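Okay, so subunit A shows up in both of these, paired with subunit B first and subunit C after.
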Partner chain A sequence: MSMYPSHFAEPSLKKETNRSSASHIPVKAATNDLSDSIFYGELKNKLIKYITKKGNKSLARELLTETFETIKRTQIERLILAGTEKENIIIDSEQLLKNAIENARPLLQLSAIKRGGVKYQVPVPVTEKKSYFLAMKWLLDAAREKDRKVHLPEKLAWEILDAACGQGRVIKKKNDLHRQCESNRAYAHYRWS
Partner chain B sequence: MRIPGALYAARGRKPQNEKDVPFQEILPLRLKNTVSGKADSGSDVACLQEMGVLFACLKDNEFVEKYCHKEISQFQKCYKFYMDRKFEAKQTVNQGIVQPGNNLNYKQLNKYMRRFPNPQ
Partner chain C sequence: MSLRVLSVNLLKNNRNFIQNAVRNSKGPGVQALALAPYATQVTVQATPAAVQKQKVSKAMKAYLERAKEHDDFMKTQDLEFQIGKRHLANMMGADAETFTQEDIDEAIAYLFPSGLFDKRARPAMRSPEEVFPARKAAEFDETGRPFHSMFYTGKPNFFQLLHDIVEETNKLYDLEERMLRRGNKPDENQKLETAGFQLLPKDQLERVLVEHIADIEYQNFTNAMDRLISLPYSYKSKAFIERYLKPLIDQSKQLEVPKPKIDDQGRQYITTYECLRKTARADVTVRLPGTGKITINGQDISYFSSEECKEQLLFPLNYSEMLGKVDVEANVEGGGPSGQAGAIRWGIAMSLRSFVDQEMIESMRLAGLLTRDYRRRERKKYGQEGARRKYTWKKR
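Let's look at the complex of A and B:
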């Protein structure tokens, strides 16, 4: 729930806006994580927020940077080792993160609905926003489930690399969810909330 | 000796004296001036057919999504359309503009009835 009245416009990152035509429309103040730097990414910002623990955002930012570095190092190593198919290897770690999240996004979700004293797991479509959230959450959960001696960026980098090429635990988790939804499809008409 | 009850049945049972059971108005005997908005929320079941088609495709292709692009996009489009419609309906309800007609939502009805309440 925003404190702004509903006629306030969202702040824009674009430098050339046609404000002159709409100069009478008031604009909300920009949040402090918005930036027009070329390193700014909305997905990246979201992921940083999810990594953050106890409000330590600077640490989260550092961890993500380190993750990107690890990804880039491994990809460059692969590029050097690869003989002929050099075009297929993506080095841009932000692109890889984007691919990983796109691959990990679920289409459906199970929600428990009580009918006649029995809880049914009912498949329900997810909104776009929620699917992005779930994909990032699964990536992070997979990364956090590790040995104590392994550093988070290292594991996260591996999970992102795996998910980006359509393998790994996160993709398996998504497919398992889809499978479960498919086996519970008979309950699909039960949902109401 | 017991007399079978059928002998009394012809005369019937004596009615109770009305003074013995005075009428109590437990709930007020008039309609409320409001209606609840429960029925307007509607059912949340949408895109069942699209979901069925998607499931069939996914099952045929062993849950590999790249072979079901058409079905997936159709399903998501359907759900988005449904959500948009729902959002718009909520907006119009919240605006609460009362217009004449017989197809009113609960907010409009409540406004009407507040203007013309039941006599107390």
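Let's look at the complex of A and C:
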């Protein structure tokens, strides 16, 4: 339910030269989280929105910055301690976050479909948008489930680092889901019949 | 003066009256007619030859009666309109013969200033052809047989249009196949350019067809047209397609860029007033040779404590590569920090147009910097916890 009419285009930050076709299309106003600064990241923005609780976005932003700081600190520590394999260690925390989310994205999901009075767990492909959402949600869920003494940024940093190299609870959760889908493959035809 | 007001009122009253008359006169014998009981003035004058004949169905008789009534009504309305116009012209001290619709609107706005928000609710005087929608001509002959094969669909013009679209599409399919067999390819140069066009909106299409159509029917129309346009040989039926296209306004040339003024220090400056976002309101001044100084209500950029708001202020400056080249002064009031930042952002972007080239303006437009963000807080609804959230459901 958008305030804008359907023919309005999304704002784009690309400065291209050939845009003759776009000159007739009205554009939606840039939202207040859009910016062209070097610190801007679409994935980052989404994650901030998921971290936010009760509209306290500035706190969520702070938490994510702190997370990135922790990630960078640990990575630099590793870089110093590492002897020979210095090239394999990524320090860029945004890149690490991207890797972590890509690694945690599921392909299939189980959805309950009722046939003949019995509910079947049917594997269903996940859309791209939903897969990103699930990956970030799992990361956050894992980070929020923690000891009393551990601060969220710290835990989130660990989870991201784990997921970025294909380990940890989030990746395990994804693999579990995939395994379950695999074992329920016999019901896959209930999706369309 | 009172006479003119009377004529305006009369227009409305008579309209109701005629609608009631139409409703009441629907007897059992005119059921076929109930679908389209209207006629234009033109048809009424063309029909008398048919009236002479012996065999006139009841439907036709009723139709003719109604058409005549409508015709008379329109005549009186037109007369009243002419009288009203003459009075108005006299009152305004203008010549009645050369008094145009624009003059009428102006005179009414002057003589009857109205504070009503909705423009349609304000007093108006327009020619009866505009006020009363066009009606359909007779759709059947004197024996009651309809002319159109799709008469009993209730919307013959609309379904005829759909039929025509499909016919064109099939023609193009055939053509494509023949061309494929011959090994020809569609001409790339002649390709149909639809970038600056839009399909007719629903209300305009309804006016063209003189029929009311449902949303889903309009969707059927757009789907069929889209398919026709997407065909590789669509340029062959260009004339047909263009009848249902409407040119769009060129957005890049819509807003005029103001010329910068010179202040007492010899610097160029532009002030944008009424920069609105949410409930915040700002006026922003941008001065050209500058050092990148930002003043908001007498403070610098630390007026905003959150990072997001600061980023918002720098967004248009950074995007147009004017950061550090201009000075910005802003006065804001109302709203919260994010609304205020948004208002100033829009003001800066609008002012910067005077200092950058056309291409950059277009880039800024596509980045959504020049669009006013008119989204507002959504109201809370009764029976709900908030704007969208419902109360927790409890069985008892």
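Please note the rule applied: the second predicted complex is superposed on the first by the 183 of 193 C-alpha atoms of A that agree within 3 Å, B and C clash if a C-alpha of one lies under 4 Å from a C-alpha of the other, contacts with A are read in each partner's own complex, and residues count from 1 in each chain.
Here is the rule we use: a contact is a pair of C-beta atoms (placed from the backbone, for glycine too) under 8 Å apart; a residue touches a chain by one contact, two chains touch by 3 or more.
Note that the structure is predicted; figures quoted are calculated from it, not measured.
K.L.:
Looking at the combined model built on subunit A, do subunit B and subunit C fit side by side or clash?
P.N.:
Clash.
K.L.:
Considering only the touch criterion stated at the top, classify A:179 as touching first (subunit B), second (subunit C), both, or neither.
P.N.:
So A:179 only meets subunit B here.
K.L.:
Pick one for A:37: touches subunit B only (first), subunit C only (second), both, or neither.
P.N.:
Second partner only.
K.L.:
In this superposition, which partner touches a larger number of subunit A residues, subunit B or subunit C?
P.N.:
More residues of subunit A are touched by C.
K.L.:
Could you look at A:56 and tell me whether it touches subunit B, subunit C, both or neither (first, second, both, neither)?
P.N.:
neither
K.L.:
Looking at A:95 after the superposition, I want to know if it touches subunit B, subunit C, both of them or none. Which is it: first, second, both, neither?
P.N.:
neither
K.L.:
Does subunit B (first) or subunit C (second) touch A:125, or do both, or does neither?
P.N.:
First partner only.
K.L.:
Pick from 152-160, 170-178, 206-214 or 350-358: which stretch of subunit C gets in the way of subunit B?
P.N.:
152-160
K.L.:
In the superposed arrangement, what residues of subunit A touch both subunit B and subunit C?
P.N.:
Touching subunit B and subunit C on subunit A: no residues.
K.L.:
Quick check: in the complex, which residue numbers of subunit B touch subunit A?
P.N.:
Touch list, subunit B to subunit A: 43-48, 51-52, 54-55, 58-59, 63, 65, 72, 75-76, 79-80, 83.
K.L.:
Note which residues of subunit C are touching subunit A in the complex, please.
P.N.:
Residue list for subunit C touching subunit A: 195-196, 198, 248-252, 306-309, 311-312, 314-315, 318-319, 338, 341-342, 346, 359, 362-363, 365-369, 371-375.
K.L.:
Which residues, counting only subunit A, touch subunit B once they are in their complex?
P.N.:
107-108, 123, 125, 127-128, 175, 178-179, 181-182, 185, 188-189, 191-193
K.L.:
Provide the residue numbers of subunit A that touch subunit C in the complex, in ascending order.
P.N.:
3, 7, 9-13, 15, 17, 19-37, 39-40, 57-58, 61
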